[in-house]
Every structure is written in C-alpha cells, then in structure tokens.
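One chain, subunit A, links the two complexes that follow: it is found with subunit B in the first and with subunit C in the second.
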Partner chain A sequence: MISASLLRRRSRMLIALLSVAIGAMILSGLVTIYYDVPRQMGAQFRRYGSNMIVLPKEEEFSAEDAEKAEEVIPSDEVVGAAPYRYENVRINQTTVLAAGTDMDGARASSPYWNVDGDWPAQTGQLLVGKEVAGKYGLKVGDPVTVTYTPEEVYGAGSDTEAESEEEMILDSEKDFTVTGILDTGGSEESYIYMSLEDLSELTETDGGLDILELSITANQDQLKDYADKINQTVDHVNARLVKRVAQSEGTVLTKLQALVLLVTVVVLALTMICVATTMTATVTERKMEIGLRKALGASDRSIIQEFLGEGILLGAVGGLIGAILGFFFAQGVSMGVFNNSIVFRPLLLPIAILVSMAVTGIASMVPIRATTRIDPALVLKGE
Partner chain B sequence: MIKGAFVRQWKKMLMIAFTVALGTSLASAMLSVMMDIGDKVNQELKTYGANITVVPKETSIVSDLYDVQGEGGTSAYLKEEDLGKVMTIFWAFNIVDYAPIVNVPAQTADGDDVTVVGSWFNHHLDLPTGQSLDAGIMSLRSWWTITEGNWIDEQADGYSENDAMLGTAIAKKLGASVGDTVHIKGTKHDADYKVVGIFDAGGEEDDRIFVALDTAQKLDDMDGQVASIEVSALTTPDNELAEKAAKDPSALTVDQYETWYCTAYASSIAYQLQEVIKDSVAAPVRQVADSEGNILEKTQLLMVLITVLSMIGAALGIMNLVTASVMERSKEIGLLKALGAQNGAITGLVLSEILFTAIVGGAAGFLGGFGFAQIIGRSVFGSSITIRPMVIPIVAVLVIAMTLLGSLPAIRMLMRLEPAEVLHGRQ
Partner chain C sequence: MSLLELKDVSKIYGSLHALDHVNMKVEKGEWVAIMGPSGSGKSTMMNIIGCMDTPTEGQVLLDGKDISKVSKKEQTVIRRDKIGLIFQQFYLVNYLTALENVMTAQYYHSVPDEKEAMEALDRVGLADRAKHLPSQLSGGEQQRVCVARALINYPEIVLADEPTGNLDEANETIVMDLFRKLHEQGTTLIVVTHDPEVAETAQRTLTLRDGRFTKETVNEHFTGVIHYND
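This part shows the complex of A and B:
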C-alpha cells in the first residue's frame, strides 16, 4: 500500500526526497568536519614549533635520558624531537655559539626555520644563522674552519693567542662547508648549527645535551600529563611546557572549534526547519486525499500510519543518500584544506539516517493529525 | 491579479516566503561570517605576541673574548625618540601593539648576575591622527600568568618608576614577594625596586626583572637608547610576491613594488618600519608570522568550503520548494490554458507571483541571516561581525536564480500537458 501510493506521486515524492537528502548531506558533512577540525587544525598549529622542552636538572643530561623522555609520548603524536648541545667555538678568532643537533629532528620541530640553501645532510656541513653569516661574510658554499678550545684553557685565564706550544696543541679544529643560511627573525640567527656527531668530533668529547625540544600534537592538558610523567620517570631532567606556544594554541584552537560548532548548529537548525517545512507542505497538499479516505470509512489510525510510514521511508532513503554525499563533501573539504583524509566515522551514517527519519516523521505527523481531525466534508469542500 | 492570488492562497505564499527566508538567512549568515573570519582569526592570533622585530643595523658584533658566556655588548642602539614614528607608517592602522626593549646586565645584592629588562607596559600614546594607543608588553605577553600582585600600571595614580615585576625564578632566588624592595646593582648606578608583581612566563624570561624603560636605562646611563622594538601587526599571509620582495625589494618592478608595499604583508610592514626608524633592520619573526599566515589561510579556506556547502544546500532547497509549489498549482495552470490563456501570459503570471514572494521572503531572510552571523561573532570572538554590503547582491542573485531555475522548467512541463489531463488530476 505504501509503495504503491509512493509510485503514484512520483514527482512530488522526488521533490520531498531531494529536500531530505540535502538536509542529510549537510548534517553528515558538517558534523564530520566538526569532529575532524580539532585534529586537523591542531596539526597546523605545530608550525609554531616546539610546545614542550626538556631541560637538565643540573648541568646537562645524556642522550639516553632524552630517549627515555621521548618514549613517554606516543610516537604518532611526536611531530619532531630535537636535542641540542651548545658549545662556544671560534671562527676567525672570534667567539660564536655552536649548536649540535639532529637535523631531521630540528627540521620537524621547527618548521618555521627558513633555510636559504640546503639543510646539512652529511658530516662537515654547516647551517649558519643569518646574523653570523652577515658578520663573517659567509655565503652558501663557502668553506669555514671552526675552532674549539677546551674549557680548561679558559679556566687558566689565558687569551686565545696561545702563549705556548702546548696550549696551541689543545685547540682542535674542523673544516666545514656552509650549506645553508638560517633566517628566523629570532635568536637562532646568532648560532651555527651542525650535527651532534660533528660537534662531538670537533670537541673531541661526547658531551651531554643542554635541551631537548619536542613538538607534540596534544592539547594543553595532555601535554601537562606528559610533562609530569617525564618528570616522575626520567632522572636528571625537568620537562616543561613552552607556555607561549601551548597556551596560545589552546586559546585560538578553542575559538576555532567553537566557531565550527556554532556554524554547524546554525546551518543544521535552518536546514532541518527547511526539511520539516517541505514535508509539512507535501502532506498538507494531500488534504483532499485524506478527507476522501476518511469519508470512505478509513480509520484515522490507518491513515496516520500510512502517511507516517511514507514520511519515515522517505526520511530513511533520503537520509542514506544525503549521508553518503555528505561524507564525500567532508572528504573533499579535508583534502582541499588540509591535504589530509578525514577520519571516517561509520557511526555517523546510521545517526544521519535516524535523524532524517525523525525529522520527516515528526514533520509529517503534525499536519496529518490536524487534517484527520477535521470533518471530511469540510476537507473535501476544499476549505 | 497578483493581489488576488495572494488573498486566496496566502497560506501557500507564506510557506514559500518562509522557506525562501530560511534559505536566504542561511546563505547570508554563512557569507557574512566567511568574509569577516579572516580579520577575527587574525586578531586572535595576536595572542602569540610580536610578529615583527626591529633591531639596530649593527648588532652583537664584538664579543668579549674573556666572557665565557659568549654574550657580547651591542655596539649600536635604536633611538628612543624614533619610537613615536612607528605609528606613522603606511600600515600604522594594522599595528595592534608594540614595545621597546632594553636589556641591562646587572647584579643582585648578593652578586648574582641578573638581566633587567626595560620596556613599556601600558604606555599611553596620543597620535597626531587622533587615535590613541596603549602600547606595551602587557598584551604582547598574553601567556604570562601573574602569580602574585599585578602588572606594572604606568597610568595608575600610585605608579612609581621604581615599580618592578619579577619572574618566578628570580623571585624565588631572591626570596622576594610583592611589596618587598629589591636592591639591584647596575654597571653605572644602583637602584632599589619595589616588587609589584610576580609572573610566570614559562620560559627564560622567568629569570629576569622587568621595569619601565627609563628605569632600566638609568642603571647603565643608556638614556634615549633602545635595544630592539617588538611589533605586533595584523598581516596578510605571504604569497610568491611577498617572498620575492622579502628577499630584495629592489628586485621588484614598479608595479610589483606598489602592490607589495600597499598590501599588509609582514615583510612590507617590516620594510616600512625600517624606513622610519633610523639605522634599523626589521624582519618578521618567522615563528609567529609564517605560522599565523598558514593558520589564517586554512581557516579561511575551511569557512569558504563550509559556506559553499551551505549555499548549495540553500540553493537546492529553494529550487526544490519553488518547483514543488509550481507543481501544486497544476490545476490552476491547466484551467488557465483550457480557458485559452497564452503560454507566455501564464508563465508571466506564475513567475511574477513566485518572484514577489521570494523577494519578500529573501528580505526577511537577510535580516535573520545577519542576526545569526552576529550571534556567531559575539559568542565565539566577543565582537560583532562586520557586515559586508557585497553579501546582499550575491545572495539576491542566488535567490532569484534559484527561483527562476526552480519555476521555469516546472511551468514549461505543466504547460506541455493536455489541459484536460491536468484538470482531472492525473499527472
């Protein structure tokens, strides 16, 4: 009975179906985007660089300590981990601060480092801060000799002009090629960067680390938990959030999520009202039919059941079509904006269908009930 | 004729107007939010602090060979008298805040090294343009938590130039709390500071003491000298032109130069600052400037796509409904044809009724839409969405186009049918 009447009203049903499908598409598309935005946008905020640092409790800490600290955090949340060891070195008799680090880690945890040239990839390659490059007139490709004088010599109070043959022997030097010039607009421009291995070779010691910078995709509360856990389980280190990055991210990200939520709510509300109105109109125009059936003796209940059934069936089919389209749309948005796939939430499909059915069901119910209550004669008369 | 139709079928007309209003309000709300979102998010991103720094041309050249720490003295400074010129650049309107910084090495009473930083906190500036600005690090350090006491308030009655703010680390070291007096030995003079606030910066600033600019300068006879200026400006995300210009502005053609100069790129604002502050070098702080450009772009793109989805939904909804309401009037159209009316006349009649209803509904929808936009703006950002006039013609075109698209095919289809069939109700 239901499908027969549906077929008769082909065009009208098609219009109602389309309306429901549009509503479901917007529902599933927007809700998918809403749930995905924190993850996707959060990843964008990692461009601000490290949001957690691990400092030594005393003078320095070892590479093993650094590894242990890094292990506390789930590996899929670590965007970058960069250990740094700082030493005073000399270029052309003047002091410069050298940082030994893991180049891949540094690149991942500080995406805003702008390198003119290339990052050092092999031994003997140097990344020079813009200020240092300007000071010494260094360009990409230039060779530079870096000298290191062990601390004991300084402690003796001598100046760099070696006073005796023995002291000269204590200086070690290494030849580098400048592969890149670093531009950040910050303090990094006064440093030179080499690999940890090169620094060890230059200083002829395996020194400890001075700081470990971590870039982690996690919100402020999770970051605090990780920091506490590191402080409890790893000796010699003190983990701390980089407030400037972590807190600001929390502030802005919360606002962005609120924005998407509110937009979703407004759009959904308006769309659902629209769907409901269309359903109501569809039923209302069949007033005559309802009146006629009543006049012919059909019970209120059977009429309500039939129309309600139609409405709900419409809601189900339209909901299914719309939900699938909505997923495609959300995927398109995710790829277009973040170049990343959405996380497919299978639960959303049945929910979208159920919501459609509920909206169409309720929207059909109201006019049907109203119409069945009117005297059939009046309805048939056309009032 | 139209009036007659209205009186008879006002309920149906109301339904059409209502649904068109819904679709219009959806479209206009989303469009309004989308057009303003860039400015709003840009403002929010200022929470990260300065995105441009201005430093003297010659910095940290000579380093003291006896100083194991490797910290050199800066051999040149910026002039404090140039500070007012910051708000005279072409893009002055985009400068949200700025503050001078001077770092003075000093010692505590116990002989420990400490850095005293001089800056503005809420320094009141009355600009020749009539604007006024409260400039200072108060809003450039949004992540500082004041654990005890307050910010230094330069405009308060009780303000004294010896007010100081201590980082939690240095406060702990000195065992100082709010109200205490701390004795500091500069290289040229000594001073007694009154602790008015203790802050937690979560970084190296926790080891420092912050005082007013003049107060810090006095320690070292550095009157009129500033080591750097931090600037927080609303910028446009970088593109190819901006990157090319950042490397070397003189490599641009005249047209390119004008475009670049007149767009609020971080690099062009930095360039303009360099022009007014003598012997300076200004550059974007990449950590902040590059990242915010990226976030801005992504947020705008996201909003554009959400708006497109909403507008497609609204358009389809309107079109759908209009088709439905035309189909509803099949009997009427069939009757008119049977009575001998011309196709053109029928089309004109139905169309004009529907268009009129759509326009009325659309007008109401605009108001609703702008209202929704304001709700979104106020709830999320705490400020109103600036309504762009461009929204009105765009949505109007959309509504009219959808109305026409929805009604014309349906009307044509109905007119092709035999009037007798239509009147009998068989479709």
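This part shows the complex of A and C:
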C-alpha cells in the first residue's frame, strides 16, 4: 500500500523526493568536504614548505638519526623530507654558505622554491641562490670552483710560511656546473646547494646533519604527537613544529570546518522544514482518504505507521540518490576550489541514507500527528 | 434479541437536537430504510449506527452490547469488525485499483487476501475491472466496488448512506439489485436515503423528521426474503 501510494502519486512524491534528495546531496557533499578539507588544505599548505624541523640536541646528528625520525611518521603522510648539512665554503676567495641536501627531498618539502634552470640531478651540479649568483655573476651552465677550508685552519691567520703551507695542504676544491638559480624571496637565495655526497667529498668528511626539514600532511595535534614521539624515541635530536605554518594551517582548517558544519546544520534544518511542509500538504491532500481509512477500521497507530513508512521510504530513496549526487557535488567543489579530486568514502552512503531516513521521520512527526485528529464522520461529510 | 437497538437516543449540538429521543430496532437479516429530508438527522443517525459518533443520551445496543459510551479506539474496532459502510460519494482511494480498494478493508481487519477480494468483486460483477483505477470506472462501477469493500469482512450490518444518490437510473437499478441479492443472502441492510423509490425497496421504512421518527411503513411491494421472522 505504501509503495502504491508512492508510485502512483508521482507528482507529489517527486517533489518530496527531490527535496530529500537535494538535502541529502548537499549534506553528504558537505560532510565529504568536511572530512576531505584537512587532506586538501594540508596538500595546499604543503606548498608553503615544511611544517616540522628536526634539530640536533648538540652540534649535529647522524643520517641514521634522521632516518629514525622519519620512520616515526607514517610514510603516506610524509610529503617531503630534506636533510641539510651546512658548511662555509669559498668561491673566488670569498665565503659563502653551502648546503648539502637530498635534492628530491628538498624539492618535495619546499615546492615554493622557484628554480631558473634545472635542479641538480647528479654529483658535480650546483643550485645557486639568486643573491649568490648575482654577486659572482653566475649563470646556468657556468662552471664554478668551490673551495673548502676546515674551520680549525680557516680564519686562524696565515702570517707564517708554515701555516700557509698547512693551509694549502688542507684546502680542498671541487668543480661544479651551475644547473639552476634559486629564487625564493628568502634567505635561501644567499646559499648554494649541492648534494650531500658532493659536500662530503668537498669537505672530505661524512659530517653530521644540521637540520632535517619535514613536510607532513597532518593537523597540528598530530604533528605535536609525532614531534613528541620523535623526541622520545630518537636520541640526539629535537623535533619542533614550524609554528607559522602549522598554526596557520590549524586556524584556517578550524574556521573552514566550522563554516562547513554551520552550512550543514542550516541545510539539515531547511531539509526538515521542506519535508515537514510537503508532508503537511500530503496529509491535508489526503484528509479524505485518512477519514475513509479510519471509517474502514484503521487505528490511529496504523495510519501513523503508514505515513511514517512512506516518509522513511522516501528518506531512504532520497538519501541514496542524494548521497550519490553528493559525491559528485563534493567532487565539483573540490576540483573548483582545490583543483584536486576527492576521496570516495563508502561509509558515507549508509550514513547519508540513515540520516535522511531519520530527518524525514522526524520532520514527518508533526504533520503525521495531525492525522490522529481527523474525524472520519466530519471529513466524509465534507466538513 | 435484536441485532441493533436504539433506546431513547438523542444527539444534541448546543441547542440543536439532531436526534431527539429516538427508538429503533433492527433484526438480523432485516432490510431497513431510514428516510427523511435534509437536516432531518439522517447523517447523525448514520454516524451513530456506523460507530463514527456517540449519542449525547440514550443507549445503542449492537448484538446486545452497549456501544454508546465506548472510546474512539473501541469504536474503530467495532467499525472494523461489525460494520460495512457504503457512501454516496463512494470514497475510493484514487491511486489504488478496484481490487486494492477492496483489500484496504481487509488490511485493517485481518490480512489482505487477493483471492477473496477478487471473489468479492466477482460477486458485484466487476472481476474484469479489478485492475482499474477508480477514475477508469463509471459511477455505478465505483459504487459496486464500494459494496464489495463493505462486504469483504462479512460485517453484521451493512450501512449505506444515499447509495444511489450519485448514480443514474441504470446504475441505480444495478446497485439496488445487488442490495436485493445481499439481503437474500442474509445480510442486514440499513439504507439511509431521501429517495422514496429507494426506500420502498426495503422491508421497512422509518421516516425521520426533525430528529424524530414520525412514521414507520412496512413496504407492501417488498419482494425479497423476510429473514427476521425466521
């Protein structure tokens, strides 16, 4: 009887179904966005560089410590990990800061770095900061000789001949080719970048690392947990959050999620009002039929069950349609705003259906209660 | 013991006495017509007998049980189990087929039984129209569906309110023939009408005026079987 009522009263039911489906679509779409926003925003924020740094407790830490620290974080959350070792080197007898790093890691953790030319892809290649390039007149493709003087000798003075000889012996040189000029708008422009292997070869030591920069897709609380875990489990290092990135990300996320939540609640309320209005119209329209059913012996309870059954069935079908459309809605929003596709969450499908059923059920309660006040004797006499 | 007995029944709306100390007895298997002009109290009488309303005063005994003071819930049960209603406007659910309309009454009474509903439609000569919607049926056919629906649960009383009021002469004849057949089969019929010709087909006619029975006529032209003296 319920299915006959729904199928044969198509126009009225289509309006009700449409309102439920649109409500469910927006709801499931917004919930999808709500849960996907951290991932999407995280990916966006990762463009602004690393959000965690690992520093040595004393002077430096080893590559093994860096690996251990990295292992604490789930690999799928690590966007980029760049270890850095800094040394003073000389170009044309003037001092410049050299950073040895893993180029792939640096590229991943600092996607905002703008390189004119190419990133070094092999040993003997150099990435030169814009400021350094300007100072020495370096261009992409230029050869450059980098000299390293150990600290104990460098700056110790060279007045005597013996000392000068010692310096000559300890100095080491390596020829590089400039493959790219780095433009970041920050302090990175006053550095030159080479691979860790090149720096070790130049300094003739496997020196420790000075910093490990990590770019992680996680919220502030998760980042704090990871930092605490690194500090507890890895000796010689001290992990810290890059607060300006992590906090901004947290603030934006919180506000965005609050906005989505607010819109979701408003849509939920509007859907309820819409369903309640439709059900009220349905009850009014079917007043005569309700009176007849009562005259035939239908109890208030059975009338309520029938109408509630219709409402809930409507909610289930509308919820299913809405949940499917909601995914495409969320996909459209995600592509438009984040230029990134959304992850389909299968669990949202039954949840959207159940929520729609509950919403239509609750929204139907007031109009359905009105059916109990219908007097068959009055309505069947047209009063 | 009479199947239905009204003892000193009154229905008062403010200062209006819709029914004023009415007494009536209907025996099992009897066919009674209640006749009267508009405003005579026919509808009030119909509602009280049909258990859709209760009297202000007096007793209504159905099968010996006083139903004048029962709750709405009990009224529903009595309507469902003991009364078959036929209306002037038919009141068929417009989105249900003829068969489904008949089954609606079964649904609230016991369990819908398509075969039984089909037999009921067959009895009123509408087996071939079972799958039609009310809008696809003529007035006479709709009223016959209404009769089938009223009979499906084997009620003790079939109460018809102006059953031919919306029918043309041909359909009126068909429906009245159907009533005659039902009466022959032992069904107790109470027909409320303002049409003297319809009233004359019954065994006995009670004339209602200003809430009181003013006349009782035993119809000489009654051609059916008399049951209540059995």
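By definition in this document, the second predicted complex is superposed on the first by the 323 of 383 C-alpha atoms of A that agree within 3 Å, B and C clash if a C-alpha of one lies under 4 Å from a C-alpha of the other, contacts with A are read in each partner's own complex, and residues count from 1 in each chain.
The definition used in the following text is that contacts are C-beta pairs under 8 Å (C-beta built on N, C-alpha and C of every residue); 3 or more make two chains touch, one makes a residue touch a chain.
Since we're looking at a predicted model, the values are computed, not measured.
Engineer: Which touches a greater number of subunit A residues, subunit B or subunit C?
Structural biologist: Of subunit B and subunit C, B contacts more residues of subunit A.
Engineer: Scan A:338 for contacts with subunit B and subunit C and give back first, second, both or neither.
Structural biologist: first
Engineer: Just to be sure I read the superposition right, which of the two partners does A:354 touch: subunit B = first, subunit C = second, or both, or neither?
Structural biologist: After superposing on A, A:354 lies clear of both subunit B and subunit C.
Engineer: Looking at A:370, would you say it contacts subunit B, subunit C, both, or neither? Reply first, second, both or neither.
Structural biologist: So A:370 meets neither subunit B nor subunit C here.
Engineer: Taking the superposition as given, does A:184 touch the first partner, subunit B, the second, subunit C, both, or neither?
Structural biologist: The first partner, subunit B, only.
Engineer: Between subunit B (first) and subunit C (second), which does A:19 come into contact with in this model arrangement: first, second, both, or neither?
Structural biologist: Only subunit B is touched by A:19; subunit C is not.
Engineer: Have a look at where A:88 lands relative to subunit B and subunit C in the superposition and call it first, second, both or neither.
Structural biologist: Touch status of A:88: first partner only.
Engineer: Give one of first, second, both or neither to describe whether A:262 is in contact with subunit B, with subunit C, with both, or with none.
Structural biologist: The answer is first: A:262 touches subunit B but not subunit C.
Engineer: Show which residues of subunit B lie in contact with subunit A when the two form their complex.
Structural biologist: 15, 18-19, 22-23, 25-26, 29-30, 33, 37, 41, 44-45, 47-49, 52-53, 59-63, 65-66, 68, 70, 142-145, 200-203, 283-291, 294-295, 298-299, 301-303, 305-306, 309-310, 313, 316-317, 320-321, 323-325, 327-328, 372, 375-376, 379-381, 427
Engineer: For a test of understanding, state which residues of subunit C touch subunit A in their complex under the given definition.
Structural biologist: The contact residues of subunit C facing subunit A are 43, 47, 50, 52-53, 73, 76-77, 79-81, 85, 87, 89, 91, 93, 95-96, 100, 104-105, 107-109, 133, 149.
Engineer: Would you pull the subunit A residues touching subunit B in the complex into a rising list?
Structural biologist: So the residues of subunit A in touch with subunit B come to 11-12, 15-16, 18-19, 22-23, 25-26, 29-30, 33, 37, 41, 44-45, 47-49, 88, 94-97, 110-114, 131, 135, 151, 154, 159-160, 183-186, 190, 240-245, 247-248, 251-252, 255-256, 258-260, 262-263, 266-267, 270-271, 273-274, 277-278, 281-282, 285, 329, 332-333, 336-338.
Engineer: Which positions of subunit A touch subunit C when the two form their complex?
Structural biologist: 1, 4-5, 8-9, 288-289, 292-299, 302, 375-377, 380-381
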